[in-house]
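Here come two complexes built around subunit A, the first alongside subunit B, the second alongside subunit C.
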Partner chain A sequence: MASMQTHHEDLKVIVDNTINYFEEVCGTPAECGIPYLMNQEKVLMDYSAIIGISGIRRGALLFTAPRPLIRELVEIITASDSPEEQDLQDMVGEVANTIAGNARPVLGSEFMISVPVIIRGELLGMQLAQPASIVPINWNAHQAFLIIGLE
Partner chain B sequence: MDKSPVKGSSGVFRTQIRLLILAAILVQFLVAIFIFARAVQEKEYQNLRDQLTIQGIGFIHELDDLNLSVIHDRELSRGELTGHPLYQESTNRLLEFSEVFSIDPSLLYTMVRSRDGEHDYYFILIGDGTYSLQKDDPFYLSEEVQPYFDLAYETGEIQYPPVYTDSIGKWLTVVLPMKDADGNVYAIHEPVLRVEFVDALVWEAVWNAIQWPLAILLIGLIAISALLNRVFRPFNDIVQLFRKSRAQDDIDMSSIKATGEFEELRKSLSFYIDASRSAKRETQEILQNVQQGLFLLSSDLTIGEIQSTQTRKIFETTKLTGIHFDALLKQFVVPKLHEAIVDFLDLMFSGTIDESTLRDLNPLKEVECHLPLDQGGFVTKHLSFEFYRAQSLANDSELEYVMVTVQDVSEEVRLAEELAQRKEAEQNQMELLMDILKVEPSALNDFFADAQEASDEINVRLRGTKNDDNLHTLVNDIFRLVHSVRGHASMLGLPNIEQASLEFEESLAELRERSELNPRDFLDITFHLEEVSRHLKQLEEITDRLSRFRPQTPQQDITQSLLDTFKSLVKDTAAQLDKEASLDTSDFKAIPLSDTQRRFFREIVIQLLRNAVSHGIELPGEREVSNKSSSGSIRLSSQEISPGQWEVIIRDDGRGIQRERLLEEAQERGLELSNQDRDSDNLLKLMSTPGLSTAENVDISGRGVGMDIINQRVIEMGGSLEVFSDEGHFTEFRITLNQELSLSS
Partner chain C sequence: MKTLIVDDSRIIRSAIERHLKHFQLEIVGTATNGVEALELFKEHLPDFVTLDITMPEMDGLACLREMMQVKPEARVLVMSALTDKPTILKALKEGAKGFLGKPITPDSFKEAVQKIITD
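Here is the complex of A and B:
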């Protein structure tokens, strides 16, 4: 049980890191919403990236965000008014990379973190173990989700 | 293998040969240049001689304070010069034609005897035809006397570099100091010299010049080529053969043309290569077909060049040669294991411990590895490593290599795990089945419906809550729901769900104590909710399967079954607390209830009965002191007091409600109490305060949420709840239900 609690703490740090990413990169803080369990609903938004986790617990972390959020992020970071599609996709990869990068030292040797895979649209054969926890991330009037599905 | 002596020596040898050839060509080139230069000069002199004109000759016989007097001055015709020593090739002692190189008048005298000079144009000194010095002449050329340059300059009108205009002639006086036999020095005013510039006929000169160099070059090349063909090419072919023999099999020694010692060498090498080729082919066959990873580790833990094909497949990489084994391991095993294997390999190489003993200590006998893939991501494999000391053939004493075999046992491990999981699952399911079989099906269905509803409600509440809502209220609400599920599970004897709910409660209790709550703290809630949901799902699957075999239970049996469950709950709860208690249900009459009401009703009664046992009924010893029977008695009765109006009473003969203790705790928790709070109505209110409990054992009912749930549920059923108590004697809960109203609504 103690170890399960520890994992919960680790996962909280991942959520914190994700939240902090927005403040560090854009200067505007993001806010974590009340997490809840994912049912059968479709959660994938316009841009998503999935990070596989194996080791003591298996499953995945999924970051999914609507186009306006990603677009605004790109605009802030690149100071460009008309980002291209590729920039948007790169951006979601960058966010996921940062999440994975920050997760790696936190989760330690008991977890293995994969390189993020960018997903567009529907996710077939989602690797998220069910039921997964959904953490809403609110930023600049947009809402993204960090979904944690571990066995 | 790269450091084979063959390659090394052949490399050095080739470099030497190249340098030698280069040096030979360079020497040839220099010789050619030299010959060319001489030839150009030669040709030019020849041209110049043909064009000579004598303008005049003068003499001085003695040097008198540098006042020179011309003693003879006359024109000479060309014919008169015939046979003049200066005009004849290589015969004149004074000024030999071929030695006149200088074009600088100031150096004229000295340069006469110098062979230094590189010139585009040449000037010619023409001497007197009438005057000649012979060996027996009283005058001879003195080397001791310095020349009188000043004189030379008197008429030195020649500029350097001389600007060539068509046949420019200048007079120049040259003084040659001479001594007679008695040692008297004379200055002989040499023939007045005509200086003339002549253009060289280049094409002739060039042809003259290149004849010899060309011949030498040609001969040289032929010689070198012959040498290369005869000596170096066979040698080089043999060296190449060595190299090829490492890379491919289809080489043909007979293609090399060699003679003499090289032929002998070729034969020896041919033998060697055939033998090594055959050995190599066999080795490759083995390496390609062996179903294990196979490679050698040197003492610095680098992976050797030769690996079995399977090795690269297992490690998901082709880049293994020269890689440090510990660096490779670091990528996919946990650090502790990595340290252990480095120590283990140290021991392997040190040779101090017996190999078979050491192999028992192998930390990589079966290890889960997360291997990074080139295209990103990783794959998890279970690998089994074995290590063997490989004694070197060359050196018996020193251990140079450790042979490593590695096998991918993922499939075996997966099957074993699956088998174990299946066994465990079957065991769990069997236990769950046994637990479930004890429970009356409708009760189980009710529980499942309750629990599922509670779980859904929790999730709906979580989802619907904004960050600025009262998060403590949310925690309290969730607590109530979980507590109710736990109570229900406990009553039905479903230990898995009870345990998961208890852990959930503990986590919630911790959150409830916090003064400030952060949305991320609710992650714990979702994780616990996941856990409970999983158990419920498991339960649902089994219940579904069971329902196909179980007949529907009639209503009266449902009531009886419920009462039986209550009785065992009381008994079990008491036993857990080292108490004795029994439930009397003889005055209980079945109440017409809807499914939801029945679930609520069950929940209420369960909680009240648990409270009665844990808070009300005393320990047997305590009871005896109070002149009570050691076994506590709880009575559950119901009656229809008016049409549609039902009254349910739960009464225990325990210690009653310890108001003072409750009040103390309320005060400790900062709840303000008035005198009115001390009557029974307000006592109920007090007892319903979230978080207030006086029970010491949290496993039974001491979560301090029971009463508020009960009260809320009674209200939800459209009823009311009253509490009566006499400290030391009894506690009675009276529930009044308006069934007509409830059922119609």
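Here is the complex of A and C:
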């Protein structure tokens, strides 16, 4: 089992990647709120993507965001002001895939990631490896959450 | 120059198509996974391919290996969020002419494409 210190280092890498993602794609970095441990609260927003982690770590990474944030990202990337539902679902998966994949230069090539699974709305009975951390991600007046549960 | 776009994300395929309009390229197909990509590759024998790695069915590196068996002179730009050095080196060893880390920006993408198609 990874130590708490390792868990914090993993978390920092993934949070930094998230902040950088918004800066590179949108020109404005996101801001990280105060992380906290996940309990039983419902945290999933309109669009979520979960990435399974295997190899040197086991667990999952989940990025969840409200529709306006995802819509704004799609508009920036595609230069379209009328994104379709499939675009929004793709977008949340792309964010999760990128921030997880970008962790490999630091966490190593054995930090294996799955293709994203998209969740629309709330998911009942979601289980993540404990302790799972929730990190608020604030960008352009929107709030999203990064949820990381690694053994 | 015949071009094939391979990425499982519809918005990324759309963004790539938009950015490629700056070049004199003929887009002959788009694929959402390695299996589809390989079929289109064999059918059209493109000169230039943008290729994602993390995809369902068949990943980009396995697909690249197959593509190189069919047309080794094809210029393949691998684009991936997996930006660790071993993955980059593996892509180049398998025959990619370039590697672009995601997230892509219009400038980074155009620069990478320009370099590959004019080399």
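Assume the second predicted complex is superposed on the first by the 134 of 151 C-alpha atoms of A that agree within 3 Å, B and C clash if a C-alpha of one lies under 4 Å from a C-alpha of the other, contacts with A are read in each partner's own complex, and residues count from 1 in each chain.
Simple rule for what comes next: contacts are C-beta pairs under 8 Å (C-beta built on N, C-alpha and C of every residue); 3 or more make two chains touch, one makes a residue touch a chain.
Owing to the predicted nature of the structure, the values given are computational and were not obtained by experimental measurement.
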Which of subunit B and subunit C A:94 touches, first, second, both or neither: second
Which superposed partner A:115 touches (first subunit B, second subunit C, both, neither): both
Partner chain(s) touched by A:43 [first = subunit B, second = subunit C, both, neither]: neither
Contacts of A:24 with subunit B and subunit C, given as first, second, both or neither: second
First, second, both or neither for A:12, with subunit B first and subunit C second: first
Subunit B versus subunit C as contact partner of A:32, first or second or both or neither: first
Where subunit A meets both subunit C and subunit B, residue numbers: 109, 115
Interface residues, subunit B side, partner subunit A - complex: 334-336, 370, 376-378, 380, 459, 462-463, 465-467, 471, 474, 503, 518-520, 522-527, 529-530, 533-534
Residues of subunit C that touch subunit A when the two form their complex: 8-12, 14-15, 18, 54-56, 80-87, 101-103, 105
Interfacial residue positions of subunit A with respect to subunit B in the complex: 1, 4, 8, 11-12, 15-16, 31-37, 39, 52, 54-55, 109-110, 112, 114-115, 117, 131-135
In the complex with subunit C, residue positions of subunit A that touch it: 21, 24-25, 74, 77-80, 83, 86-87, 90-91, 93-94, 97-102, 104-105, 108-109, 113, 115
